[in-house]
Amino acid sequence: MAGNSFGEVFRITTFGESHGPAIGVVIDGCPAGLAFDFDFIQQQLDRRRPGQSALSTDRKESDALEVLSGVFEGKTTGTPLAMLLRNSDQRSADYDALKEVYRPSHADFTYQARYGHRDHRGGGRSSARETAARVAAGAVAQLLLRSAGVEIKAYVSAVGPIQVQQAYAELDLTRTEDNLVRCPDAASAAEMEALITQLKGEGDSVGGVITAVVTGLPAGLGDPVFDKLEADLAKAMLNINAVKGFEIGSGFAAAAGRGSEFNDAFELRDGRVRTQSNHSGGIQGGISNGEDIYFRVAFKPVATIGKAQQTVNTAGAATELQAKGRHDPCVVPRAVPIVEAMTALVLADHWLRSRMAKL
Amino acid sequence: MAGNSFGEVFRITTFGESHGPAIGVVIDGCPAGLAFDFDFIQQQLDRRRPGQSALSTDRKESDALEVLSGVFEGKTTGTPLAMLLRNSDQRSADYDALKEVYRPSHADFTYQARYGHRDHRGGGRSSARETAARVAAGAVAQLLLRSAGVEIKAYVSAVGPIQVQQAYAELDLTRTEDNLVRCPDAASAAEMEALITQLKGEGDSVGGVITAVVTGLPAGLGDPVFDKLEADLAKAMLNINAVKGFEIGSGFAAAAGRGSEFNDAFELRDGRVRTQSNHSGGIQGGISNGEDIYFRVAFKPVATIGKAQQTVNTAGAATELQAKGRHDPCVVPRAVPIVEAMTALVLADHWLRSRMAKL
Amino acid sequence: MAGNSFGEVFRITTFGESHGPAIGVVIDGCPAGLAFDFDFIQQQLDRRRPGQSALSTDRKESDALEVLSGVFEGKTTGTPLAMLLRNSDQRSADYDALKEVYRPSHADFTYQARYGHRDHRGGGRSSARETAARVAAGAVAQLLLRSAGVEIKAYVSAVGPIQVQQAYAELDLTRTEDNLVRCPDAASAAEMEALITQLKGEGDSVGGVITAVVTGLPAGLGDPVFDKLEADLAKAMLNINAVKGFEIGSGFAAAAGRGSEFNDAFELRDGRVRTQSNHSGGIQGGISNGEDIYFRVAFKPVATIGKAQQTVNTAGAATELQAKGRHDPCVVPRAVPIVEAMTALVLADHWLRSRMAKL
Amino acid sequence: MAGNSFGEVFRITTFGESHGPAIGVVIDGCPAGLAFDFDFIQQQLDRRRPGQSALSTDRKESDALEVLSGVFEGKTTGTPLAMLLRNSDQRSADYDALKEVYRPSHADFTYQARYGHRDHRGGGRSSARETAARVAAGAVAQLLLRSAGVEIKAYVSAVGPIQVQQAYAELDLTRTEDNLVRCPDAASAAEMEALITQLKGEGDSVGGVITAVVTGLPAGLGDPVFDKLEADLAKAMLNINAVKGFEIGSGFAAAAGRGSEFNDAFELRDGRVRTQSNHSGGIQGGISNGEDIYFRVAFKPVATIGKAQQTVNTAGAATELQAKGRHDPCVVPRAVPIVEAMTALVLADHWLRSRMAKL
């Protein structure tokens, strides 16, 4: 109801502000008996962590995970799994200058409109810091999915105007972590890295696209009407800060084409019903069909830039703003594990939900 | 949980199959005291109805609305508002040939995977017929929003390769109903109509794009984390059959650009805080900012085409399919009221939810 | 949110007013593949129906069930199962005299406080008529439970001061339908019947108690914290009109006793862990233990009586009321199938929910 | 879904095991702008804390509250309010002997049936320790209600066979904290205290009854069908460990009486519509009527006793158990703040929900 929970059966609730004592997450609905791989979760957090490379903000957070409940003798207990991350590097003073100013394209003004106040120290709940809690929870969801043979891999497929030309199937997705931008195509990665470095110098920022691919998902997940699997994925992605667009399978390109081009013919292959093409992106009528799921997520440029910008203050007076906070010039490299986490949360939830469809 | 409800406070549950006795919807959470404009609701249903023009399927449904509960003396009572639409034109025999065949890019195969059976008579719940129930419910949501000064207008902005070049603000959206394709630009509309007619003759289908615009929405709707307003809109849109993509505000274009180009500077205008540009699409940090909301929705071509297609049957044997059912060559003209309805459902829900944000 | 739905997985939403066109229910979450026994459902409705005997109101409702969706070829489809009951005997005129009067111990005044208006024709949603929808849905839940070997039997164990002295295990619960009061003890039944008849003549009403017994439920249903099985049963019962109390197992008697008397020792019996006594009522720590569940439900006397009563009207002026509507002098005989239905809804929901507790 | 959350709008999720690192709670849906009285919350925790008097267990928990989020500059922010309590006194070794034994009338066996394992260290989530998290959350709900003039007072009205004879209105509820049993009638309190002390010596335990009274609640809270206010209260109470019964207003006594005795006549008093009597207990048709709400809650005797008991172990072999853990001989004195907390959670939720009933 208040928008801090996600999922129906595998349900998470995150809490915590950017500059409060801690952030955390409670997972309710993780089944009992799952082997709890603490290191995997910490590793996902490290992939998201600020300050991990020259391309990202130099806010330092150790993001050392503390598990408070729900795990006993190395396995999940079926009870709420609470995880905590202390906030270690809180330079609230950086934000004092912003106390009375609405930063352009941030949530400052809208937060005020909603709650009648705002936490000016780093955006409160609107801070990207909150996504660390999702990454921790998403890693648990990934453990659950992996136990069922499902793998999720996301990568940066565009930074500004630089786009990977190959389709996902032509790429070696095990190379994604080989470079700082998390792009499995080395040539594109080099160009992207150069652009981000250049913009950092200019005090500007740039947008990008992340592509996600899910393999090994069985047919039969998702609901035909209001919780179509692609709808829940779209919601999950648009719930990530700075995301402005989502397309699955043939996406916007399909809008320009014909049925005779975009239909996926069925055939029997590998002993089961398969599609010859996969314009559908692995989902038909809201339900997974056993093919790969793939989708693209558009991120706008980071709103915080070093250049001077016009704005108004809380008294309504015009003012100029030049940001001093620590922010990434391009958010997509660090958003890769967030996209993976949100994808995992959707799929783990539907995987459990599908247990109830038949007698 | 089973995916037939939508919304948290203004919550709808739809029921009914394409070829069962009836479809319908229960709205739970509509406040008491709303003037119930039956004619407006029927009118929205008529805009969605099949057989309304030469461009659409010739399935005939009178779609005469029956209100079963929740209205007394012309006003909503605050109790569940149930509405029923009888299915009148059920040519189930049309579908007998399909009983053992999986139609390409339909939900036949996935439905079977999910439920262990399927209703072969027109797709069961996966039929577009179900959307009539949403349109009825969405019309009630629109009545609620209109009482608060909010207007929703959608229109066809692309059919296949033919795209309206003007931005929404340059169009006269009161002209949308002037033509059969529901495109406010007459020149584009003529081209679109010609293309659809041509493809109908060829037994093919074509995709398209619908743009939706919301005016008059106050600032402060939406939640900053998991129920961001754009996320709920994305989910709503991807829950419409055949939708493959969603973008809000600057959308995918923003992914290719820079922060200095895409930030929306604040100013004081009309006595309130406004943005100079609206790349954000009326939502910042998941919460409405009082500017127009606008977004684009991509529809793939209708899967049912007259051309022969390869597929397999339920026994796994290869077969060829040539559809005989009645279907639209292009779904977007009739999808305009569906997009409006789903938009209204999201906004009515968040409008009520925002009542609880402050003490 | 608005209180017209019940259950999480096996979730029902009822709609309809006492004097509107119809009442009905949508079940969302009934698994696919359940044999749909229409006659059983109609039979449960007939047990609840007014006018079925000399002891009940003479409002006549045929309560002929119409199934609108969710059943195909004799089985549930896994999609929403909607059922409709038309209101046939609407003597709204009976209620015209009540338009401006608050009936004592009815919902008239509170309804007005909540919604700012009220439907004076028979109480709107507060009418016992709404429970017919629950009985229909509960019958489907019973079909589901029966497929798993679970049986629910309720009976009248007290009418006013007349109480059945035997514990449930000493009674033959197949005799419940042998008399009009639905009490399996013939001697008590005769006394109860005489008392009800006498009070009907006096224009008075009387309360009573219903005892419910569940057999065959496996261990492991229910949650240890906020959805304890007994808590959901208590909520289900208190949601029945006129219910003022609930006790499970040893109930209020246990409050007066000692641990050494009321603990249930474990033993191995019939090849499984059993309790020697069953003071717990089949639930320990919120979770079923495989023993019989039994509980008692207290109903206050029907508020509508033929005697003159003091009250105020909507203008706040004192007035006297002498009811003319048709009402039962004692509600418990007809409430037996309602108690069974609500019990079944809770158990079917938790039966499905238990599928998700373990990996 | 997994039963660790409570409430719809004012929604809490608790986490943590008795013998894990910590327990805690996240409140999602507390409106922004509420003055946050830390001391009041800590004070409620202290009333529930074990080891507070000679009558209770000597488990020592400091229960020092840590607020992790949702409060800024002394007020709630409208975002999730997370509170943490570290577990300080974990004598897990006390429980080693119980590892393979099912304690009679505990959740050991049912937990195992549900999750396929159990946390033998103090009952995991089934431990009364979990209720500390509820008390913290309930105290916040009380702050919210107090801002609206609503007060909740519970007290011990029976311990074993010793019952307070006066009705709540004849007692001075400000005297509840004057003695260790939390009974406002000093004479009864002395008897109760003597009985508990005696049973402690005998290694036995005893049940009891708590009565709760709510004053100042406006008319119009609660829903007429499935979330009747009394139903949500009943659920809240039965969700407290050891509770076996609930009755509101005239309760089980009404089942034995007549309508002419138990109806509450309306009159105009103090300028508003009031009832002359209050058999209804402040709720009619599921909705509050502005009168005092009062109800009684039956607690069975504590299951852990010092006497030897028969049971079986996890291998199914008969064994004898003599408990060594630290437990209260009578739970009701410490359960008073838990009853108050759960009551507050229900009312705060409905208080917010009532904001949406009317246009």
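Labels A, B, C and D are assigned to the chains in the order they are written; within every chain, residues are numbered from 1.
As a working rule, a residue touches a chain if its C-beta (ideal position, glycine included) is under 8 Å from a C-beta of that chain, and two chains touch if they have at least 3 such contacts.
Keep in mind that this is a model prediction, so the values were computed, not measured.
Across B-C and A-B, it is A-B that has more C-beta pairs touching.
Chain centres here are Cα averages; for subunit A and subunit B they lie 26 Å apart. Once the centre of each chain is set as its mean CA position, subunit B and subunit C turn out to be 39 Å apart. Residue positions 1-2, 4-5, 8-9, 14, 29, 32-33, 78-79, 114-116, 124-125, 224, 356-358 of subunit D each touch two or more of the other chains.
A complete topology is adopted by the chain contact network, contact being made between every pair of chains. Against subunit A, the residues of subunit B that register as touching in their complex are 1-6, 8-9, 14, 102, 104-107, 109-111, 113-116, 123-126, 130, 158, 160-161, 199, 204-209, 218-228, 230-239, 241, 243-252, 254-268, 273, 275-276, 279-281, 283-290, 298-305, 307, 309-312, 316-318, 353-354, 356-358. Taken together, the subunit C residues at the contact with subunit A in this complex read 1, 9, 29, 31-34, 76, 78-79, 144, 147, 224, 352, 355-359. Of all the residues in subunit D, the ones that touch subunit A in their complex are 1-2, 4-5, 8-9, 11, 13-17, 20-24, 26, 28-29, 32-33, 66-70, 72, 75, 77-82, 84, 114-117, 119, 124-125.
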